[in-house]
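Letters A, B, C, D, E, F, G, H, I, J, K and L mark the chains in the order given here, with residues in each chain numbered from 1 onward.
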Amino acid sequence: MSSHVYKHIELTGSSTESIDDAIKKAVERAALTVHNMRWFEVTETRGHIENGKVSHWQVTIKVGFTLDEV
Amino acid sequence: MSSHVYKHIELTGSSTESIDDAIKKAVERAALTVHNMRWFEVTETRGHIENGKVSHWQVTIKVGFTLDEV
Amino acid sequence: MSSHVYKHIELTGSSTESIDDAIKKAVERAALTVHNMRWFEVTETRGHIENGKVSHWQVTIKVGFTLDEV
Amino acid sequence: MSSHVYKHIELTGSSTESIDDAIKKAVERAALTVHNMRWFEVTETRGHIENGKVSHWQVTIKVGFTLDEV
Amino acid sequence: MSSHVYKHIELTGSSTESIDDAIKKAVERAALTVHNMRWFEVTETRGHIENGKVSHWQVTIKVGFTLDEV
Amino acid sequence: MSSHVYKHIELTGSSTESIDDAIKKAVERAALTVHNMRWFEVTETRGHIENGKVSHWQVTIKVGFTLDEV
Amino acid sequence: MSSHVYKHIELTGSSTESIDDAIKKAVERAALTVHNMRWFEVTETRGHIENGKVSHWQVTIKVGFTLDEV
Amino acid sequence: MSSHVYKHIELTGSSTESIDDAIKKAVERAALTVHNMRWFEVTETRGHIENGKVSHWQVTIKVGFTLDEV
Amino acid sequence: MSSHVYKHIELTGSSTESIDDAIKKAVERAALTVHNMRWFEVTETRGHIENGKVSHWQVTIKVGFTLDEV
Amino acid sequence: MSSHVYKHIELTGSSTESIDDAIKKAVERAALTVHNMRWFEVTETRGHIENGKVSHWQVTIKVGFTLDEV
Amino acid sequence: MSSHVYKHIELTGSSTESIDDAIKKAVERAALTVHNMRWFEVTETRGHIENGKVSHWQVTIKVGFTLDEV
Amino acid sequence: MSSHVYKHIELTGSSTESIDDAIKKAVERAALTVHNMRWFEVTETRGHIENGKVSHWQVTIKVGFTLDEV
């Protein structure tokens, strides 16, 4: 594992369901164009409020993925 | 949206259920006296332990709401 | 409560289920050898990604427990 | 000055003009209901983008004011 | 304790005596209008200097109090 | 708004005019290749000094934009 | 001094007297089981409030001590 | 450029005009006694409020300058 | 230099040799696809341990590069 | 007050007595060579431990003073 | 890997040679009593100066190790 | 040691060789005019990149030295 170089990107996912689901949505959307994602770290947890209730969750994650050997 | 002024308050909600539920409880209690809440941001996630198990979750959030035009 | 001295330890729990479950697993494993745990605080929320999906959650907590009177 | 107690509130002002103007708007709106404001500190500078240009500035400030003697 | 919602306010107390006394003054002034205060956390310790000596201490604290059930 | 995934990029703009202008320059340059930018947050404000005067301002911002549905 | 390895532990002491006394209590309790403590650093200063007054102080410190040569 | 050693100093400038002007005033005052200043970084933006309006801006900067070869 | 816009990317390099070598590896891998890199800043230094020894170093850097005029 | 430029210096004072006394010692020593000191801010509170007791307190402060008009 | 619980400890190693060597010394000393160490993270890099030269390096690391199944 | 007052200065050293060497260069240059330096702490590690390679390292340190008794 020691010979790889990793790149990090930062994403925000949102969900009407839960904090965990907002993270999953960000990872799954990113997987459509980024390969070899290896880990994530939560950097911010926010949400929107409508009519006095949480209407959706917004979670920002930093994702690390392996750069291909060239 | 650009002409509003927002005020922020900081609240801690607690729940025996989950992190998400502690946030919902803080928002819903605040809604009894604060109108026009728009968003929240989690600033601290803690909990109490009894008999070697998580007994309840305590989550602190900063909430932003619109100040009425005067 | 004011006469106690508390010690803090830092643990990372992991779970394929959820953020909340990773915290519970860390607390319950620690309870096998540490007594009188009183509270925890989340210091980092991370996870691993396999095949474009969250494969497991890793949550780091700081736990405080009462030192016995000697 | 040493015998006063100060309270802090956090506000976000916005402006289509400039960072400085967003701060002035937050202070002037707060002055309608809060007396004896003494200083502010900028805690966050953000903005919205529309059609590839900055459409308005949003600046969050912490404001300190003197509590009246009771 | 788990069913309460707490609100936080931030205050600066000052004293010509000591750091500890500045904190006590902030808490005691706040007690005139805020009930059910439960804990505080020091967020900043400053002071003024006159003629090459500390003339008074200024300590900023965040205070948490229980919101009444409605 | 809740179903989108956002990506963040970090940019530094510079200007001989002002802090605000350095931010505008970064946003407008990025707009040439990035679509759907929604907000920015200032993360660092610096500048260069020549002959004892500010010669230009350098402001770093984090920009969030919507990822297209695929 | 350069050939030692130090370990750090984190403790919270409490006192009804003062901030300084809470630190002393944490250090003196730890001295019953930890030898060769060399320095401490304050990481958090909190307290409890009862009936509108500070009832006790809680100070968290990180303590460094020398690991014995083995 | 690689063989120089730089020293940093921290200054606060103030202005009744603007944030940018407070920074310029700090740099220009420092230039009277410090030579070879190369860059600055803003570390704090504050201001004073009088009669419900911003009366002056106070900006703290860290300034780097080249130490002369000896 | 004042008219450029810079973009930042975050990379993690690894090496069995040293901290410095892990940084060099990240920069040299990035140079295969990114042109006009100008500076880096270390944001995290970690490593893996096998059999009680450091097996490899992992250093995360933020890299700034000039965006081409368009 | 708005037309001054302030400079900041960082000092560590120590005392066998108390945290407050360590701060006073730093201010009073600095007053021998620095004039027009106006305020301080505590940035670090540490201490040394000998024979299981606090032997002396070490407090680091940032001090601001007015630069003379030239 | 997802079913383990990790514990973190914080250590400071020192060396007259280099930063890297101070980290190695901390890890190798810890290995005498702690098994299953998996990773480390540098949290502070300091050193002592004697006669105007670096006399030794002191690096603080946080180390994570696997808790055995019980 | 407890009766001294220390002052801190911040320096950036650079080197084409290594991180460690950049620190040594900053300390040795400072020693030409500052006496009684006792310790340093690294606050920032950066570098310049030319032609896709690290061209030199720039490390910023805070240095503490004893103020002479007056």
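The rule is simple: a contact is a pair of C-beta atoms (placed from the backbone, for glycine too) under 8 Å apart; a residue touches a chain by one contact, two chains touch by 3 or more.
This is a predicted model, so every value here is computed, not measured.
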For copies chain G and chain J, the superposing rotation on Cα atoms, rounded to the nearest 5 degrees, equals 120
I-K, D-E or G-J checked against B-D; over half of contact pairs coincide for D-E
For the pair chain I and chain J, the C-alpha centroid-to-centroid distance in angstrom is 38
Dist(centroid_CA(chain E), centroid_CA(chain J)) in Å evaluates to 22
For the pair chain A and chain F, the C-alpha centroid-to-centroid distance in angstrom is 22
Residues of chain K that touch at least two other chains are 19, 30, 48
Every chain pair meeting the touch definition is listed as A-B, A-C, A-F, A-I, B-C, B-D, B-E, C-G, C-K, D-E, D-F, D-H, E-G, E-J, F-H, F-I, G-J, G-K, H-J, H-L, I-K, I-L, J-L, K-L
Per the touch rule above, chain I residues touching chain F in the complex are 1-8, 62, 64, 67, 70
The answer for chain L against chain I in the complex is residues 18-19, 44-49, 52-54, 57
In their shared complex, chain H is touched by residues of chain L numbered 9-16, 25-26, 29-30, 32-33, 48, 55-56, 60
Per the touch rule, the chain E residues reaching chain G in their complex are 19-20, 23-24, 27-28, 30-31, 37-42, 63
